[in-house]
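The structures considered in this document are given below.
Below are two complexes that have chain A in common, paired first with chain B and then with chain C.
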Partner chain A sequence: MAAPLTLLLVVAVTIRAALFRSSLADLIAERVEVVSPLNAWKRVVEGLALLDLGISPYSGDVFHETPLIIYLFHFLVDYAEITFMVSRKFVSSVLLESPRLCFRKQKYALEADRYPLDCLELIRSPKEMYYIPLKVAMFYLLNPFTILSCVAKSTCGLNNAVIALFILCTIKGSALLTHTLSLCLHHYPASFLFFLSFRLYIPVNIRRPSFWWYTLQYAFMYLGSLFVIICLSFFLLGTWDFLPSVYGFILSVPDLTPNIGLFWYFFAEMFEHFRLFFLCVFQINVFFYTIPLSIKLKEHPVFLIFMQLAVISIFKSYPTVGDIALYLAFLPVWSHLYRFLRNVFLVSCVLLACSALFPVLWHLWIYAGSANSNFYYAITLLFNVAQILLVSDYFYAYLRREYHLTHGLYLKRKDGSEATLVLK
Partner chain B sequence: DEELVIRPLHSGDIYASFQFRTVWDTDFMGGKKVSHYRLFPKSLGQVISKFSVRELHISFTQGYWRTMQWGQPFLPSPPGAELWVWFQDTVTDVDGTWKELTNVLSGIFCASLNFIDSTNTVQPSASFKPLGIGNVTDHRFLRYATLPREIVCTENLTPWKKLLPCGSKAGLAVLMKSEKLFHSSFHSQAVHIRPVCQDWQCKSTSWELRQTLNVVFDLHSSGQGKREWSLFKMFSRTLTEACPLASSSKIYIDVTDNPQGEQFELSPATPLLSQAVVLGDRRTYSVYDLTQQATFGSMRSLNMLLRWKSSDGECDMMRPLLHGERYVAGYGLQTGEIHTLMYNHHPYRAFPVLLLDTVPWYLRLYIHTLTVTSKGKDNKPSYIHYQPSKDRVRPHLLEMLVQLPPNSVTEVTVQFERALLKWTEYTPDPNHGFYVGSSVVSALVPSVVAMDTNSTQERPLFSSFFPSKEESSYFVRIYTEPLLVNLPTPDFSMPYNVICLTCTVVAVGYGSLYNLLTRTFQVEEPSPGLAKRLANIIRKMRGVPPL
Partner chain C sequence: MGLLSDPNRRRALISMLTRLNAPICVVCYMAGVAWFMGLAFEPFTLRTYMSENAMGSTMVEERFPAGERALATGREFAAHKKKVGGMPVDWLVKTMQSQGLEVFTQRFSRTLPFPDENKERYVVEGTNVYGILRAPRAPRTEALVLSAPCSPGNNNNQAVGLLLGLSQYFRNQIYWAKDIIFLVNEHDLIGMQAWLEGYHHTNTTGMDWSPLQGRGGSIQAALSLELSSDVITSLDLVLEGLNGQLPNLDLANLFYAFCQKIGVLCTIQGKLQRDDWDTASGYSHAVQTMMLMVLKQASGRPWGDHGLFLRYHIEAASIKGINSFRQYKTDATTIGRLLEGMFRKLNNLLERLHQSYFFYLMPSLSRFVSIGYYMPAFGLLAVILLLRALDLWVQLSALPSRTEDGIADIEQVSQTHLGVLSVLTPLVISHLTGVALYTLPIRSQEMAVEHFPVFETEAVVLTAIAIYTAGLALPHNTHRLVSGEGTEQGWRVLKLVAVLYLAVLLGCTALINFSLGFILALTLVPLAAFITPHVPKLLSALFMVLLSPGCTLFFSIFFFQELQETPVNLQEGWVLFLSVISQGILDHSLYGSLVYPLVALLVYPCWLLFWNILFWK
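Right after this comes the complex of A and B.
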């Protein structure tokens, strides 16, 4: 296990180092699919330059990172490339750990005899599961999206590192520690963390007093760490400017730079009268699926994390390919669902085609002038539809596998012929 | 006072500059209400008193002043409209007062100054120091705005002429006929109000209103290619009398290049000659005094004629010491670079210049890419004041003090990123582009000739506009070209389609997740095919058991 992992790491580092040194690094750092106004490296440098000039980075509209990032990069700005590569390795190692841990738990479930005998082929053998962490690491490190994101030095990599750490800690059971870290993220994950670890390994029994005691403890710790982080950010710069600049920016979407998400063109073409309404609708849409998903998947916390990550990456206000890479890295964990997936071929073709067409249509719009914004917008729509299909397909496959685990794999109807299974 | 200065330019064009000066002895600082205006226009007097204005400078310009071909103008102005105002320190809400002032001025001058709002107003911290007396230098009370897209036409000239004491009926203002004035390469009209000392002890102040009009007539379009200029050819009018309300009314013709009359011939000849030091150069002028009846001659009208003797023999014009240029580099609609070039043509003296740049918010400047190079080497500015923009609230403001080495070109470059605006924020012709106002370069240029610092002596108006505090340098302000930048545009015909399509994608996500969340798997009893169902219906009707 160690040897292939080391080989993988070496290959990944080589690719990234090679790209860093080439002229492609500048080109990639400017691509709108890879960087967004929230996590572009150029803006971090600009924020640091403004700080050097004695102006608060939040007095203008260029810098939208939390003050902790300023603090971090003030010292690390010369070692930026190494920082990002280290964060990549960190993510991959964390991602390695999580499936391993979660399968350890699943092994206990294996030994339970509640599954009908013909489901044995649905259950994974330990031999398969042995290779899954390596596959996860490979999916993450060698994913072109992650490579591009790392070479562009987008702070998405750091965000992914913190999310991965959160997932690891949640699986391990020490969820309380991670809130302080995850609150560094000014992004949406802050929302679902609360529900997530809350529901994780705690049996929900409203009548038991210990449940409420635990809730209270948990809420207190969450609010406390939130307070600490916000105050720390305040003391770094001495102003509260960062609150509207960071959180207000994500929520109110004033910057309409094109990206791979749905927000930019929608709000570029929105009637002024309805702007606030649709802004609220779109932002609620991101958080909306938390409660239903956590109710439905309360026995399957790891899948819940995956679903939440995916939904947030698709519907957030400034998505980039780095966010997509994180949830795509989880796909090998569910490789046993392959037989129930319905749209694999379609989704993979569409994703590949859209990824290839993004730079082409951008060039045609911005540089050649022979296409207009509608072309790029259409590809954005298609890409998001493909992602939604992928996520809902995996969800379907997961639920179907659960059904089969409880009811048997080869279902027969009353008269003995083969049955079909539908959602009703 | 009124005066007209005519200066033949080396390219064959001719530069005419009118200045009208009205002095009003009243004191606003005390806060007394004034009702006796005499010669001062009542509309401007009311503006000054109502909005507590200390200094007001407004100019409307059509065309760009070509410094390298025409030399330095007496009064520089940027293309489009420019307004800068110093308020008195009794004003509490400067922004609100500024907004009202711009609206009132747009009514007075029939110009669309109401487009001046917080997105194109800045507060320069070092440039645009007050030109009148008074020592308030808190730049909170200064506001500066330009509208580079503004066009000047007859509707702006008419109210401007109405502000003159004699109107356009007598005196030099008779020459201002719009069909000739606007048929020119450069046309600029301005109004400057500032407090000045009444006498050399400066015990009391009075208000000075200067109205200036600068025109450059082109040799080929107005002059029909013949190098022969007369008042009638330039303005289609001749002068018959001076304005009776004017205390002095003069015409100055620049004859420095023509001491013995070998280049051109001036008729009718005039014995009066005067010398003045202006723009670092000692120039000689032939003077026609219109208050003397003898000037008009027997025909009661004055039509000066300058006829050039030979068509060759261009002698060297003194090269302007300071010159600026600006352009946009880069390709595509995503990023770009603004390059500002400043030329110092002095052979051995270096001097510092103050560069003021106002860039609209939708061109996001990246100040870490700012580079200043002179002669290929890095030149660090000694003072940088940068105020970053806020989207849809205020523009970028960059002010730098740069030392220009002698005989060199200094290049200031900064990268920017173009923003995508909301579809309602584009002008009706979005592919024309967006204008970026001119940069302002202000400097004290060393002068070869000693400047006259005595401010109370009678001097021609054109040499007394910028007060010179020291003898060895004179103040110069240069405006660079405005820029025209294209922004990426969304498709304006698509708002409904975009809303529908995006909501469809969101609904696809919602629908599939809703299905999976609220429904469970069940074994399906398949319903029989259509043929079988029809057969069953027929069988039921026949009374036969179904299939």
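Right after this comes the complex of A and C.
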């Protein structure tokens, strides 16, 4: 396993280093699909320059990263390229670790022998699992989306690294560290923290006092670390500027630069007095799915994380391809669901076509002037529909596998003929 | 969502699509071609109309009186041009200054990658002269351009004369709200490129030019004038620009409206409009006009000096005076009045031309087909590729034993893994051939000239053809490189990849340049649909070569000459073919036309993939 992994790392580093040196790097760094106002490297540089001059980086409407990030780059700015590369490697190594852990449970299931016999082929052999971490690393490191966002030096890479670390820690069982870490980034990861943690450690039982005790403890810890992070940022900067400029910026979506998300077109077209209402509707979308998903998937926290990551990266206000790359890296973990997927062909065709059409329609709209924003938004919409289809397909496949695990793989009707499952 | 979630209905649909795949594909192809041919039929097209309010309802009067004087100026210009043996810069500067314009010059030089035999130039040095008439009525934030080329020989002298006549006349009018720039460019498009790059402070092609000393506001529209005789019979409008980009349809409408008002015969693609659309000859006339536009657009070249303006988001067209044997002649005063009228309307613009269509085809000057009407023709062709891909996907997933609607097995996964490897090799190799085709012809011209008795231009073109042909020998070499291939599944995976690749490629091409995408789809789609390793080799190989991008170009040249009513024989056709290839390479390196890199780097490798499938062992 070490040899292919080293080879993979070498290939990944070579590709990135070559792209960093080529003239394409500047072009990629300007693409709206790759960088958002939140994580563009150009803006980080601007923020740093302001910081060096002794001005708050948040004065002016350019910089929107969290204070901790800018202090990180304060020390690392000369090594930015290396930082981004390292963060990639870090993500991949973290992701490498996590699937291993999450299958421990599955092995128990195998030993428990409580499933019908014919389901054995649904459960993965250890040999397959052996290669999954490598595949995850490959999916992340060689994904063109990841490469693009790394070459553009989008801070999305760091964000991904922290999320990956969080996932690893959650699976290992140390919650505290990770909450602190992911909080110092953006608020979106926070949405799944809360529900996740007690699914992992304690069964939900409203009548039991220990459940409430744990919830209380957890809520206290969460709010406490939030408080510490914000105070830390305040003491570093000496102003509260960062609150509206980071969290307000994410929530109220003032920057309507086109991107691959769903927000910009709606809010550019909308009458001003509806803005607040639709803002709430759009933002609730990000958080809302947490509740039903965590109820349905309370036994499967890792899959819940995957679903949450996907939902957030689809519905967040400033998505980039880097966010998508993170949840796409999880797909090999669910390779045992492949036989139940129904729309792989459709989804992969649409994602492929959209990725090619983004730059083409952008060219037609911005440079040639012959197309307009509707063309570009149509592709954005299609891209997101394909993503939603992908995620819901995986969700369906996961539930279906669970069903088969308990009911047997080959279902029979009462009269003995072969039955099919229909989702209504 | 029933179709997406109900396995029974899905299975029914998919089995129907796979069972009837071949007939559906044939029907789609027929329907696509029929739809396209139907576009020229008048009841299916829309009548052009002026969308821009600022140019529609406002009245302007045309009073330009000085056609004869303009022609006299033209003759004077011709005499000075002859004396200097090129652009009479000093005379032009003096003349424009005496009219009260702000006059500036721009020097430029450019060494072509290899000699251009059509225009007989290699090291190009020249000067652009332009005069700016400052707007008396408004802040000088916007501008219009009227340009005329200073061509070698006796061409276009009248155009420069008329330009100078108009500038003198415009100078005395007070209603201009936009700067008007009168530009005389040398070495046609190269000079235009230098001027536009200087004006917009960009340098995309590595040309040397001196910076512009004076600028107007942002250019809203530009007209380029070509006129080589004192009287004309008709005016021809040229719209096709770089990479098949077209100006806003309102510019064409404006031209048409003024031709109607003043009573000048106007043509597009050199074809008059006919009103007998219900007869066979009338319909074929419309088809010919449209096909000429399609072929010109597909070539991706600028067909007049206006072609480079479009890249900078400036609506522009060329107006060419044509003198044929007709009785009815139009004099220079009338043309001047027409241009005056067009400029006065453009002067009224409050915002950029954006109301009307940017994607259109014109079967006649008063009729157009918009993107919504012509895209289905392409869509019907592209659907064939998707259907074939679906068919292949179903075949691939049906090979191992399948359970109800769940698919894929462990063995299959490992097999596709092998498939991926055997797909990667032909993909990489054919793209490397594409890169060779793109870079080598220009790089290796010196070596070729040393070793073979050919000129530089010939060397470049022949190298390109040689590499193109050498690519055909590839499948044998790729086979030697890959050891574990040759399975039934191997070629299916490769074909699936190739078909999807072609679909995305053609879709993107058709969006940027519909005509190019459609012509490529017309030839590549049938080939992509039917090719397998099991069809008769020799016949299919012949068929594939005939439908390859290079041969498509060859046929297009004959077809184009036929449509222009100047048919050529095989010998002349071959010479034309060579010169068109050299022009394509030159257009790419001079102006950044995308057709050559597109064909060399993407279309040709894609075609090679299908060639690989045919010779799959």
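In this section, the second predicted complex is superposed on the first by the 422 of 424 C-alpha atoms of A that agree within 3 Å, B and C clash if a C-alpha of one lies under 4 Å from a C-alpha of the other, contacts with A are read in each partner's own complex, and residues count from 1 in each chain.
Definition applied: a residue touches a chain if its C-beta (ideal position, glycine included) is under 8 Å from a C-beta of that chain, and two chains touch if they have at least 3 such contacts.
Values in this document were obtained by computation on a predicted structure and should not be read as measured data.
Within the superposed three-chain model, A:Glu272 lies in touch with chain B and out of touch with chain C [touch as defined at top]. In the superposition on chain A, contact of A:Phe235 is made with neither chain B nor chain C. For chain A, the partner that touches more of its residues is B, with chain B and chain C as the two candidates. When both complexes are overlaid on chain A, the residue A:Val360 reaches chain C alone and has no touch with chain B. In the superposition on chain A, contact of A:Ala371 is made with chain C only, not with chain B. Contact with chain C, but none with chain B, is seen for A:Asn343 once the two complexes are overlaid on the shared chain. Touched by chain B in one complex and by chain C in the other are residues 367, 369, 389, 396, 420-424 of chain A.
Remark: chain B residues 331-335, 361, 364, 366-368, 384, 386-392, 396, 419-424, 488-491, 494-495, 498-499, 501-502, 505-506, 508-510, 512-513, 515-517, 519-526 touch chain A in the complex. Put simply, chain A touches chain C in their complex at residues 128, 335, 338-340, 342-343, 345, 349, 352-353, 356-357, 360-361, 363-364, 367-371, 389, 396, 409-410, 418, 420-424. Looking at the complex, you find that chain A touches chain B at residues 30, 32, 42, 45-46, 48-50, 53, 55, 59-62, 254-258, 262, 264-272, 278, 282, 285, 289, 292-293, 296, 311, 314-315, 365-367, 369, 372-374, 377, 381, 384-385, 388-389, 392, 395-396, 399-400, 403, 411, 413, 419-424. By the touch criterion stated above, chain C contacts chain A in their complex at residues 4-8, 10, 245-246, 310-311, 313, 354, 358-359, 386, 389-390, 393, 403-410, 413, 500, 503-504, 507-508, 511-512.
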